[in-house]
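Right after this note come the structures.
Both complexes below contain chain A, partnered by chain B and then by chain C.
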Partner chain A sequence: MAAGSDLHEPGLALHIEDLTVRYGATVALWDIDLDIPPGRLVAIVGPNGSGKSTLLKAVVGLLRPVAGHVRIFGQPISRARSRVAYVHQRAEVDWDFPATVLEVVTMGLYRRIGWLRPVRKTHRRAAMEALAEVGMEAFAERQIGQLSGGQQQRVFIARALIQQADLVLLDEPMAGVDAVSEDIILSLLRNLRDRGKSVVVVHHDLSTVRRRFDWMALLNRRLIAQGEMHDVYTPANLKAAYGGQMAVFADTDAEETAPSERVGGQL
Partner chain B sequence: MLVDLLSSQIVRTVMLGAALVGGLSGMIGVFAVLRRQSLLSDTISHAALPGVCLGFLLVGGRDLGAVMGGALFTGMVAAMSVLAIGRLTPLKTDAQLGIVLSVYFAIGVVLLSVIQAMGGGSRVGIATFLFGQAAALSVHDVRILGAVFIVAALFLLTLWKEIKLVTFDPLTAEALGLPVRHIELGLTVLLALTIVAGLQMAGVVLMVAVLIAPAVAARQWVGNLGAMTIVSMLIGAFAGAGGALISATGRGLATGPIVVLLACAVVLISILAAPRRGLVWQALSAQLARRRISGDRVLLAMDRLATDHDNPAYPSEKGMLETMLGRPLPRVMRRLEASGLVRPVAHHPESSPHWVLTQAGRRRAEALRRTGHGPE
Partner chain C sequence: MMVAAFFDSIPAMILLTGVLVGAAAALPGVFLVLRGNAMLTDAISHSIVFGVIMVWLLTRELSGPVQLIGAGLTGVLTVALTEALTRTGLVRTDAAIGLVFSMLFAAGILLIAIFARQVHLHADTILLGEIGFVWMRTTPVMGIAVPVSVLMLGVVLVLNLAFVVLFWKELKLATFDPALAAALGFAPATLHYTLLTLTSVTAVAAFDAVGPVLFIAFVIVPPATALLMTRRLALIVPLAIALATLASVSGYVLADHWNVAIGGMMATMTGVLFVAVLSARALKRQLQHRRAVPDDPAPRP
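Let's look at the complex of A and B:
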């Protein structure tokens, strides 16, 4: 927890202090202190149910914390909305909804377009550009229900890109997507970071996290560790976050990664 | 007789009223369906019955304004009861809705019996709210329905893109900073208003079907929200007007069931016949895909034989192919011949049929081999 403690609030992409979030009697997050510097590609990692999605939802104001506060570039979310884009998990919507790919991407502009104003040609052009960035321009007029999982995810990312936010939050963007989409998504996220944006990604796969991200927060209801990847990705920290579930992860890693990347090999 | 009916001013008024109710239900039903509120709709409509009775008792007769006011009141109280039960108990949503629906409906039936036991002129009208009677609609009622229709349409038009986003993806809407709670509340109030406006025509028991069926049918035909809303509105208006007309031909025939049967007939046709999503279309395209695959398998088998014999023009024998693929092939071979992928050849001295791959057939087989879309 030492890594970020010397930073000051306005200079931070994300500053979270004493954050506690509850669903009824379930405490999903307990006393989280997290400081994310700008311009980094950050992974939020933790076992299932460790509160990763809850953390992002609390950051964008979808959940009201029982204690603590969140600042985005020094401001509360209510004043930072135009600087933040949030991509929730793919399964949160019904993909049978009657809409085209282009229509969904323009939704990212609905607030900027404003009340009573229709979607115009310039907005559609911006949406086409965002679609081109994710390699989906050929699908603009396609029904969203006809897309594969990876393509759905890319459409959601295009909808976030179009918002031109400085802080982009994504919940498991690479879960259940094909290899092509995964590569495209990863290089997009790196590209965003290289342009100075701050990118925070909930990542489900321990075996790939070290290669793909440069900063990490380990979560399990409490914050276990945060900081530069090479400081945080240690057997002791991973064990503290995953506990007994470690064995499961080491097994699945064996099929997917080179031996040097294996968590099992590290422990 | 139909001409007589249509020329009657009363029948025309009733049909207009029923078309308004059907159109309104079709329009708002789209959002009830997409937001998964059909059970909530059913609960609101059943819970409107005690309100109908209260309205009756208050003004001492059937006045659509009073009845709608009472129905809206108890319908909304029921919706809030569902919310409260959700907060205070661990019951699942369907159980919450089921309980609230039954309790309010039971109260309504008790009140209904009380009113009927009181006798007098009023008791004739009230039972029609169970299954609906469009014939009871007056010119005054039709004006009220028209006003509700216009309010609903204006609400949708002014907040169209915000409503679309809230319906598709409320999380993102909220993250963008849209007032999601208020828009959802607006939609739910509109839903309740639509339900109570439809009670006289469709009745509390079947109102939910008038709301849901047109939207379900419309979804089969179109792929965007605006078109879905318009098509659903037209289907609802058709079912409403048609149901009113048919029930006008038979004495005392309740309107609700007829409207519902008409709307469900449209649903059935849509589920069967709609392009892409319809069952017939899907069965046909599955059949086409199967044919293509079996054709591809033959091409690959012939390609393999040609490779094994180091002869691109190797004549494959019928029995050999059938053995390799494990089934008889006459129709597949005829289709492949017709599309110019294989050519029948004689292979002296054998008399059984033989085929060779044509140039096009070789190209396709090679493409199949490379992309891996083939057997095994």
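Let's look at the complex of A and C:
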């Protein structure tokens, strides 16, 4: 571990400064400054194409920003890999891949196992325990292609749990999952937070965000607002993020009227 | 001596070459097919024509270690050019690969046409190889004359096997979920390019025997067939090797029987096996459907 003097904003679970990300000529994120305190259940919210997934990808180093930097508990991602778990969208992998549920969960341990070393019985046992946590132990030997959407998501969450990370990033974990899985996922995330972990979730559903999360960042290529849910969830902020798509907010009170489900959200 | 007699037997050497090509090609083939870019093999096997002719122009060697190194370098060159093109942000990765590989292939064919017209480098031989003649060029190994192709393919098979066995878990992760592999620090791109380089090296080792065009069949078809037969990754690899071996042996017997090109018949047999397995699966599924319709697996999202 490097000397403490290398740390920059170590008191924050996630510190993002001046972050700009571009896809070719398109600017996906512009000059983002975001400071997420530890131990919170955080929602990243914004309309389609507002850069929510891009933000997570930049945080874990899958995308190289053109400007700015990211620190996780004070360290760059290259030094913080074992403290971060990242759950991307379900559609990003081929579910026809020949692997069992248990094999996929075990992948979360690969970093701890290390290069060239084989997976052992103790690793598989740990994977079984993680599967039990998400209520999927009966599916351990199933082919991943045979799972429903919600079950697939729970497998991915088990794979993240097993990493025992301090910061867990999830991209749309509740998109297109059944109600049972949604409840399980939510209680798992709350459980993580209650154990002092930091959980950051890209969320698409404005109608549920206020009840489920305690901290929010509103994004639309730029950062619109960040902070405690009750401070950020205001008509003015939502309108700033969603613009014309949020006409419902122009003349109603956000405290009373939850916006219609999935306004500007993804399918 | 029995060993010497074995390496002296023409049918044995042709068969062994076929089996070695099949086994060596199936190893990277499984992961290329699973990644969904099996057709990269098509590109690779074409681009190494450029490497082969360049090495020939420089050293007048058509096989041996220089050619293997040349193939590795061609693989690296191809990857470097592809990455440079992708980095411009003007073309997508797959388009960049298509541009680079076809350019190198065209350059290779042009060079052959200009500089190598009168030598044994003939376009047909280059594209299809001639497995029937592999016994003619031998090199002594511990006092026994071993065909150069057999030796090179043997070395490459060991190389591929070592790579797949040693990096089994890393390859599995990088193939299934490159994003997680990267997030966990497993350098999926490096693994992928190593796989592609090994595929190039295998293509060159198989060059004399089957040529780059038939080589594609050996990389893609046995793994694709094995994938139809099982959903266990650990079984797919040995199964693909077994299928390739079966195709080589039956291809040789049939080619001998009908007096047709051996390499071509071996490649044809990989296809015949694929169709057979595909039909058997379709038949099985139909029978199952008739028996129990409501017992379907969980619906896909």
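In the analysis below, the second predicted complex is superposed on the first by the 238 of 267 C-alpha atoms of A that agree within 3 Å, B and C clash if a C-alpha of one lies under 4 Å from a C-alpha of the other, contacts with A are read in each partner's own complex, and residues count from 1 in each chain.
Assume contacts are C-beta pairs under 8 Å (C-beta built on N, C-alpha and C of every residue); 3 or more make two chains touch, one makes a residue touch a chain.
It should be emphasised that the depicted structure is a prediction, and the values quoted were computed from it without experimental measurement.
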{"item": "Superposition on chain A - do chain B and chain C clash or fit", "value": "clash"}
{"item": "Partner chain(s) touched by A:R81 [first = chain B, second = chain C, both, neither]", "value": "both"}
{"item": "Touching partner for A:S148 - first (chain B), second (chain C), both, neither", "value": "second"}
{"item": "Partner chain(s) touched by A:T122 [first = chain B, second = chain C, both, neither]", "value": "neither"}
{"item": "First (chain B), second (chain C), both or neither touched by A:G176", "value": "second"}
{"item": "Larger contact residue set on chain A - chain B or chain C", "value": "C"}
{"item": "Touching partner for A:A99 - first (chain B), second (chain C), both, neither", "value": "both"}
{"item": "Intersection of the chain A residues that touch chain B with those that touch chain C", "value": "57, 60-62, 78, 81, 84, 86, 88, 92-94, 97-99, 103-104, 107, 110-111, 113, 115-116, 118-119, 143, 159"}
{"item": "Residue ranges of chain A in contact with chain C within the complex", "value": "23-25, 57, 60-62, 78, 81, 84, 86, 88, 90, 92-95, 97-99, 103-104, 107, 110-111, 113, 115-119, 143, 145-149, 151-152, 159, 176"}
{"item": "Residue ranges of chain C in contact with chain A within the complex", "value": "34, 36, 89-90, 166-170, 172-173, 175-177, 179-180, 182-186, 227, 230-233, 236, 297-301"}
{"item": "Of chain A, residues touching chain B in the complex", "value": "57, 60-62, 78, 81, 84, 86, 88, 92-94, 97-100, 103-104, 107-108, 110-111, 113, 115-116, 118-119, 143, 159"}
{"item": "Contact footprint of chain A on chain B as seen in their complex", "value": "34, 158-159, 161-162, 164-165, 167-169, 171-178, 219, 222-225, 227-228"}
